[in-house]
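Residue numbering begins at 1 within each chain, and the chains themselves are lettered A, B, C and D in the order written.
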């Protein structure tokens, strides 16, 4: 017997829940690629992406999925045999390094731990050593991921930049913000990032199939000397003014219409509000896990609170419980949780709170996990109660979306609307 | 500051949450009304509605909203001056009676209380008296509502039929199942109902705009003598074989395509599963209110557990708290709760658990209410915890949708699928 | 072998082609009926309908199809036994009269011919006679249809009003504009119309399921004395300020969202432009039929050019050819034409050019008819050529949508946009 | 004044008209990438693509647009410095060669003319010469386009294979079928093609953003020795069994749901029927241009009838007329025609008849062109008439979609359905 009909709660770290308005914006006939709305959609998206990346540099949109934008970042700036440094943390920096190696780059790895963020001091030390080499043999680029969805960790991108600078090193600074852009603060120019790599299907609330590069002047300059560049990813070709050249082929129209709507929604909410919303949902999730774990079998993977990601939480659980819990949630309650991946496979599961998410979506998900823990006999404390208590404290009555005060007056003003039905026959 | 972006949780007793597949089925061009799919859609909906009403009688679909089907039921069977008996409970039977009075019928009311269902014995007594009158002056129809959404009450339709029979009375038996059809058991033929009145937008998960009558042979026979019949509602005209006549004008194509899909979904889930799902969600809601109220200010409107509706719960709360709570839920958390209506306005609010609903949707809603109670300082106990505990007991691990046992084997079979990603780069 | 995959060309006089934007506007979750957007949608639609009807009177929206709004018009204003005059032309005025008779009204009919509009002089004569009767026995309402889709005829509503006035008669003047509103000029107040009856699914480009009444002060005053009024159609109840009362039950939300978008589109195009577009498409159709018929078997049903409808054309054709032609168009070419109905069944077929229609939609349809005539061996002349020639004359180069001159300059300004791709690799 | 409201007629050679059912299939929430429907969608699409390519080789789906699949074909099979031969015809083979050159390949070009297909004999002669070189210096791959949309030309892929074989040459044979797949016959295995390159947005009726490779065993074998392979395009990585690896990152879910539906539609119609439909529409277009040009200014670009493409027609026209004609069609009639690109810019325009297209869509487009020629005073003959006459001959009455005979009987069987309304009140 189940209670699973009804909306699916998709709680995986990408693709994330797509707003109905974004799906609606994609539900339209194909359009001409030379006239009409489309060129404006492209140009305005490229411009608004600068706002989202907090940069005055160049932005690029690729029709690609997965790790295409990683390949774009590397191939546009480096040459065969160049040395790059990967800052290990979680799973994805390592995978980016594997891709680099396959492209003929010389990859060094600064090791990290499975439950910790990158240590900026270790980066400073490593690069200080490297800076003493022959410039021709120095590291050309440092690769790091802001939020790693496998570990649920967030790296301090600003502090790592400071470490590079402290080391007196001239390497390019590449940051994967695929799982953080639109979820937490990212200040490309202020933080001295040279190439930021992102995608459509997480914080940007759009179906998968679009990838982004944001590029600093220093990276554009390196691009001129790179010999790995191929036509499909080539930044230069995409800087030509004609609309057609922006995509090396037919623009991915429908995904662009979706992206346009999603950016409208993000900017209408206000990036600071978006980040605050993610912080609250992450905080509630952490409280819930602490509540469950205080007398039980669950534990947050990331040890230091300030190193926990705003968009996804990785939770350690005994292997024997993981598949039953995920099956219970999915089969009985229509809640899809994230499995542990890479080194975390069989050791953890994940709850995403990323993109188009709010309190009832998260609390419904957490409640179903607690149902599952009870039904499966996994020892646990009161997690949902902790999450509710946290959110009730953080979201006081009368505080409205934009943080106005004077809510009492507003509430009064609203009452007539909600009570017009007094004495009537309604439903 | 809010956590309100993200999906809206619509928790009002109609219109209810519409499945994406129903909306998708409506998103198509207009079609011819004489050829193609449409005539089949009409005929199969009329047929499947018989299954849903559990009748071998006639079914009718009206393009109408609100109380059109009430008017259809009365006008097709009665004549000016006929006497009808309204069984008061909540708000809607009374409103139906007001409509009857306006049509020129002579309306008597068997009074009921605001927190109770209709008492079948009182019906038996009333009708036994009436049966002694001159047949020409006797009550011609008894009007009752199965679930009244204002009170959150369910009436015992089978027991009321027994009361009519016990009284030896020949009145037609009219039942409004607008808020119960597709949410709980209704057996028109077995229970001796003559006209059942329903709509599309509650348990049937379709946008508002379609109304239904299911009609017994006895009512069809009364129809031949009725003088209130007008062309728009006329059953006889709609029994003509041509498709066009089924609707007295252009068929409401898009709503019909939605209804067709919704009926497919209901029947695929299985009506018994649908009813069990509603019972579980109602039970969880009642547990939550008991949990909140054990030390606080909230109380279930309906006193007797077996008289509480499966589709909506009416909760008494001090007036000063109602609007702030509903505003908090809506403005801060995107949860829309039902206001109290009629006599309950300013005295209660309502939680719908009707139609396309499941555990995380309900638990998310309940959690937000508890957030609001805390944030507003309304004294309350632990309601969400009670609801989770209840559902965890009722939905044990391994029990699947169709109630199979042997879930352990199934879970094993599934494991490979959810772990294919071991060691891979995912997201 | 066929060429029928690809878009269906729906060329029936209702429901008509629905713009993608209207379908898109309907593809959204259900919403609360007390707060949010919906009350504004209702009020703005009621207001914009006044613009479309060209009235300062009251407007009403009914969830109903077919002839519900006919019933509303009659039941709100008349009493049992009242006399009404039906001005026969085509099929629908007669049907309206049949409905009136069933409601207990005393119906007189001024006969008309199957290929002609109503003769205003005959109306004047008839009413002048009637005006001499005892006022209590005089005709209380005159019923006429502006465009009858069966005959393809348009009646001169302004001239008929003049005839009523000339006769010194005080009858209410009821006009069915179901197939003309949004297709041709209608000036309710200027022409002295008392109740106008319309629907959503023709010129208003919205799915079927909404019906409208526009009501003059004189008709509102008659409403106070009417005894046929029932609750569902009652204008008075719908004038109450609360949103809920506007619909006598749950508002038909999705149809309203569609209507809102359709009204936006109509008003953005400008009613005069809309009417000019319909006139051009009708003119092209008439030219095509003349072209086919000059040496052949087809003939326009309506003899006088000024009596031909702007929204639909009825074409006489020998019965043996009709079904084969319609089958050819539908089965081989995905073009759905209108059958002849009522007295025209087996004698005519129909081409609609109504609502969301333009030159290539019409010319594609006409071309397929000409294909069919050739393939079936039906003698005919060159109709499509005549339609193209007509439209080329009426739509000269450089004249833009809003009738600007100076198009050469505009075209120049546009050239760069359409030639940006010179020398590039496109598709 | 215009007649431009109403559906846009998109008549460009990609993206093409997307069926409503494909857009509908994309309008759904994001789904899990490890469980549920998605893995099946991927595997069934890869399998059905084999049917469409007529191959038993491997198929690959890339999230990419434009020329990504060109890059995939080259990078997976070749090494830096390898020699390739481009068979010039139109624009795209040349562009493919430019991409190859940028990747470090040694590109030779067999020149072609702007109004002719590739001459197989010239290929045979060229390769016979090459076959005499040191095997290490021989041409490794021959690149050709089946349909070039710039020229509107179709190359004889089978004959070119015969020429390669005749020359005794072992080069890989790469064919771009982007604008021909799903529009005309392509038999990869039978014709000895090694890599076929295609995309979603033309004959496959899906929005842009997916690219395909179909690969022979010989090409898979060459892949093992290639040194240009990068991770994103790597065939080997995508052959791993896990669903995730099929896309090198998050699967482009929504585009895949669209593709799934489009393949269902193509296979339901039957590929032979699809090709016949395209041949008829192309034939009608050629007739129309001949009709216009017999006394006028328009001419088919491709001289030999058998070298004209089934999916797009390129029409030579004096430069002064092109922009005015395209502006007229778009601004006054909502018909979007294709501009001339590459060497044809300013010399030609294009009519696409590709993918989801049928007779009324094409005839509406052709009619509007003829309107424009008249309105602009461009001398021309009767083209639409010629197209109608051609189609009426080719699509005789009674022949149904699947080529059944006995249509008279069928038509009879249908008659009752289309005449059910006799004597009724319809619309």
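Simple rule for what comes next: a contact is a pair of C-beta atoms (placed from the backbone, for glycine too) under 8 Å apart; a residue touches a chain by one contact, two chains touch by 3 or more.
These figures come from a predicted structure and were not determined experimentally.
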Taking each chain's centre as the mean of its CA atoms, which one is most distant from chain D? B
Tell me which has more C-beta contacts between its two chains, B-C or C-D. C-D
Here the gap between chain C and chain D, centre to centre from mean Cα coordinates and rounded to Å, is 41
Determine the centre-to-centre distance between chain A and chain C, using the mean Cα coordinates as centres, and give it in whole Å. 52
Where the CA atoms of chain B average out and where those of chain C average out, how many Å apart are those spots? 37
Sequence positions of chain B contacting 2 or more other chains: 14, 17, 24, 27-29, 33-35, 67, 98, 249-250, 339, 414, 418, 421, 424-427
In their complex, what parts of chain C are in touch with chain A? 20, 24, 27-29, 33-35, 241-245, 249-250, 414, 417-418, 420-421, 424-427
Sites on chain C touched by chain B in the complex: 8, 10, 12, 14-18, 23-24, 26-36, 63-68, 71, 75, 98-99, 102-103, 199, 201, 207-209, 229-232, 234, 247-255, 330, 336, 339
Per the contact definition, I'd like the list of chain D residues that touch chain C in the complex. 1-7, 9, 13-14, 17, 27, 67, 91-92, 95, 98, 149-150, 178-179, 202, 265, 269, 273-274, 276-277, 280-281, 323-324, 326-328, 331-335, 339, 341-342, 345-346, 356-365, 367-368, 370-372, 374-376, 382, 384-385, 387-389, 391-397, 399-401, 403, 411, 414-415, 418-419, 421-427
